[in-house]
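Shared chain: subunit A. Partners: subunit B in the first complex, subunit C in the second.
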Partner chain A sequence: MTAYLECLRGIVLREWLRFVQQRSRFFSALVRPLLWLLVFAAGFRAALGIAIIEPYDTYITYETYIVPGLACMILLFNGMQGSLSMVYDREMGSMRVLLMSPLPRPFLLAAKLVATSLLSLLQVYAFLAIAWLYGVQPPVWGLLYALPALLLAGLMLAALGLLLSNGIRQLENFAGVMNFVIFPLFFLSSALYPLWKMREASEWLYWLCALNPFSHAVELVRFALYERLSVTALLVCLGVTALCSVLAVLTFNPQHAALRRSA
Partner chain B sequence: MIGLEVSGVSFAYGARQALVDLDFVLVPGRFNALLGPNGAGKSTLIALLTRLYDLQSGDIRIGACSIREKPRQALAQIGVVFQQSTLDLDLSVEQNLRYHAALHGLPRALAEERIALELARQQLAERRREPVRALNGGHRRRVEIARALLHKPQLLLLDEASAGLDPASRQALNAHVRRLCVEDGLTVLWTTHLFDEVQADDPLLILHRGRLVARGTAASLAEAGEDLSASFARLTEVAA
Partner chain C sequence: MRHLLLAATAAGFLLAGHTAVAATAYVSNEKDNNLSVIDLDKLETVATIDVGMRPRGLALSHDNKLLFICASDSDRVQVMDLASRKIVKELPSGADPEQFALHPNNKWLYISNEDDALVTVVDVDSEQVLGQIDVGVEPEGMAVSPDGKWAVNTSETTSMLHWIDTATNQLVDNTQVDQRPRHVEFSQDGKLLWASAEIGGTVTVVDVATRQPLKTLNFQIKGVHPDKVQPVGVKLTADGKYAFVALGPANHVAVVDAQTYEVLDYLLVGRRVWHMAFTPGEKQLLTTNGVSGDVSVIDVASRKVTKSIKVGRYPWGVVVTP
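Then we have the complex of A and B:
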């Protein structure tokens, strides 16, 4: 057991050291949601009135509405960044160091997911702190309740990123992930607008949003921030995390990349 | 001292056969050389020995452990220096080593003790806090060897470890690894395409186009008046 804990600590510490050395990564991860909060939300505040919807007890500003979605945006981008880093490590050969560990590969991959998610949490809480100063102030206990929700959402998105990285032949193909994964996941979700508004616009778009796991991650975090639990969102996030993790482990094989390159 | 036994191992990248029915045993506690030109299949063999690739046929035994049946126990006995450097350039020497020790589940105190010991043996103790990026090629290779030895493996694999080094650094690295065989009783597999890295009495395997075309020592494979490069040319010509 000690060996597993040491291994997990080592992987988390390495990710942390790499993160600390790439401070620009931290700031760019914050700039993106802050632009949405400070510029986009300010511009759309008047146009997008929000009715009273769960978990809120009263009318809320648009800024308040989008904060959970923007927190999850950080998790989404970091999950995909983790995927990019897996492809980079595979291309550069440093993945071999990880795989030479005598501990089981599923554990090593799970430890990578945990490390990615923990780093994401730091960035999310930095964002929530700035949002607090800006006036978006969920209950203080909500910030604590949101921790496991954010961790689960982070793990789900990191597992999705890992699964995607297994299918990416080389680093150059990563741009496709932006266009075909990040943007659809984000915009077809409840991050920026409540789903009933989407339903008014289009029934089929509504269903795409409702089925999108990212919507459930956003709702899980939104409810947790207001000291509530969305059971549906929790079950969907747990299920998608488990499915993506299992598929990522099953499809993870460094040999595949070599065979594909050779073919 | 443990040995390495490869039996009936073949490997193909799709339609391209990279290794064909390899059978050999390494001499325990010795510097075993595997000589082959680029594309002979050396790196594919290393990938199979380290379980980065799955065996398609045959078996590999490291000591008493079959890599098919007990892959984790087998991996615990191997230290590797890959052809392409796998150090994290932005981390310091000691941070790279700590990461490796953690991946092998070594308790922190023991890891620190071994890091100090191995860095001292590699004469890198004073550079432990420097980023790897600041080291020259020869020193980086030494860090990789120190890293490969942290978990006390019995078998050390070096895949063209001297590639890219200047002649003096190559020679020093080669001599250093030979000393490890003597001091630690390590079994070493040193893959190379450079004849001057092999000594006359080294156990030698010659790999050519995925096939093992000769085994013995450089001295035993040579015909009258031949040096190793002439023996190699003759043996690979016959095989072709």
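Then we have the complex of A and C:
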């Protein structure tokens, strides 16, 4: 058991070191959602049609609406960045060092997911603190309730990232991930606009958004921030996390890069 | 002190009559011809009561036993007994009553008749019209000073405040304010009168002794076009510290420091907010949002909107009983 803990500690520590050594990464992770909050949302302040939707009890500004979505945006980018670092590790050979550990491979991968998610949480709370100062103030207890929701959402996106990394052969392909994974996941979700608003525009867009697991991550966090539980979102997030994790373990092949080089 | 006593007596009566009755809000739904009853413990609509056509202004008798309702399209003021929630009287109000105010003697009701450019004074007990006073075009806002000396009416088209001496029921003075004054409210000490101007987009604070404007307040909300800032309802806290101004289609309520006249905050509520009422102890402020058909609840201490409660179509007036 201590071996497992020691291993988990090691992996988290390594991610942590990598994280603090790239201080610009921390700031860019914050700047992205802050730009959306302070610039985009300010511009669209009055554009959102007013309606009360769950979990809100009253009318809200657009800034208030998009904060949960932007918190999840941090998780999404970090999840994908985790996938990038897997590819990098594979190419640089540090993956082999990791795999020398006698512990089972699924555990190593899970530890990697946890490490990515924990680092994301730090950034999310830094963002929520700035949003708080800016005037977006969910109930104080909501910030605590949001912790497990953010962790699950973070795990789900990290698992998705891990699964994707198994399919990416080269570092350069990461731009493709941006275009074909991050953007559709983010824009076809309830992060920026409520789904009823989407439905006014088009029924099939609405369904794409409603089926997008990222929407459910956003809603899980949104509800938790307002001290409520969205059961559907919870079940979807649990299901997708489990599915992506299993698939990631099954398709995991550290030999990709090595094979290619020897060939 | 007198208010505290009144409130305590009223609470005593209510507790004796019913067991554990929560404070209740009554909201007039202009398009549904009924009142929504809100339980202020649960913060939800618990009943609706049918009343006359197009109910708008609401007022309570000073003992909180009777509710006066301006049934504008029925051309009368209805009197509801709140214990039985039945209409017990209909007062001759003159045509199209919109707002009214009850004199501190609990007997004289000053009613503005929007279509006839008149203020009608009715004795609530004898149901007799005591007088009719000619005022400007489209009279609307109505208030009686806490000492009972003045009844003030606003006329929307003439853009004036009309000062009526209640001893003689004669018009004695006028004060020009900005365009389309909708509502007037006396401060608790009776020294100041706050008047909102819907088209002017301002609130004028008038010195009651001289009947001259002291200060005009302007409002600017980030992201809202200035044309949409149309002040209507005004509520002042009893301690004289704050004023709340409902800004109509700007969908915000302004919180004003009543000493410095500085706008402290703008609170987002439902669409087209017009009138407001405090809950007992001034803990919360309720706002009627006409277009969105709901009532928003503002927590006065934290200056936050905590909830919006669905009511009927086009809620207009609101009163609260302890």
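In the analysis below, the second predicted complex is superposed on the first by the 253 of 263 C-alpha atoms of A that agree within 3 Å, B and C clash if a C-alpha of one lies under 4 Å from a C-alpha of the other, contacts with A are read in each partner's own complex, and residues count from 1 in each chain.
Heads up, the rule we're going with is that a contact is a pair of C-beta atoms (placed from the backbone, for glycine too) under 8 Å apart; a residue touches a chain by one contact, two chains touch by 3 or more.
Values in this document were obtained by computation on a predicted structure and should not be read as measured data.
Chemist: Counting residues of subunit A in contact, which comes out ahead: subunit B or subunit C?
Modeler: In the superposed model, B touches more residues of subunit A.
Chemist: Could you say whether A:Asn253 touches subunit B, subunit C, both of them, or neither, answering first, second, both or neither?
Modeler: Touch partner of A:Asn253: subunit B, not subunit C.
Chemist: Thinking of the overlay built on chain A, is A:Leu99 touched by subunit B (first), by subunit C (second), by both, or by neither?
Modeler: Touch status of A:Leu99: first partner only.
Chemist: Between subunit B and subunit C, whom does A:Thr58 touch in the aligned arrangement: first, second, both, or neither?
Modeler: In the superposition, A:Thr58 touches subunit C alone.
Chemist: In the overlaid three-chain picture, which partner chain does A:Ala126 touch, first (subunit B) or second (subunit C), both, or neither?
Modeler: neither
Chemist: Just subunit B (first), just subunit C (second), both, or neither: which does A:Arg14 touch?
Modeler: In the superposition, A:Arg14 contacts subunit B only.
Chemist: In the complex formed with subunit A, which residues of subunit B make contact?
Modeler: Residues of subunit B touching subunit A: 13-14, 16, 47, 50-54, 72-73, 75-76, 78, 80, 82, 84-88, 90-91, 95, 98-108.
Chemist: Across the complex, what residues on subunit A touch subunit C?
Modeler: Those residues of subunit A that touch subunit C are 42, 45-46, 50, 52, 57-61.
Chemist: For the complex, which residues does subunit C have touching subunit A?
Modeler: 222-224, 251, 268-271, 292, 294, 296-297, 305-308
Chemist: Give every residue of subunit A touching subunit B within the complex, in rising order.
Modeler: 2-4, 6-7, 9-11, 13-14, 17-18, 21, 92-94, 96-104, 108, 253-255, 258-259, 262-263
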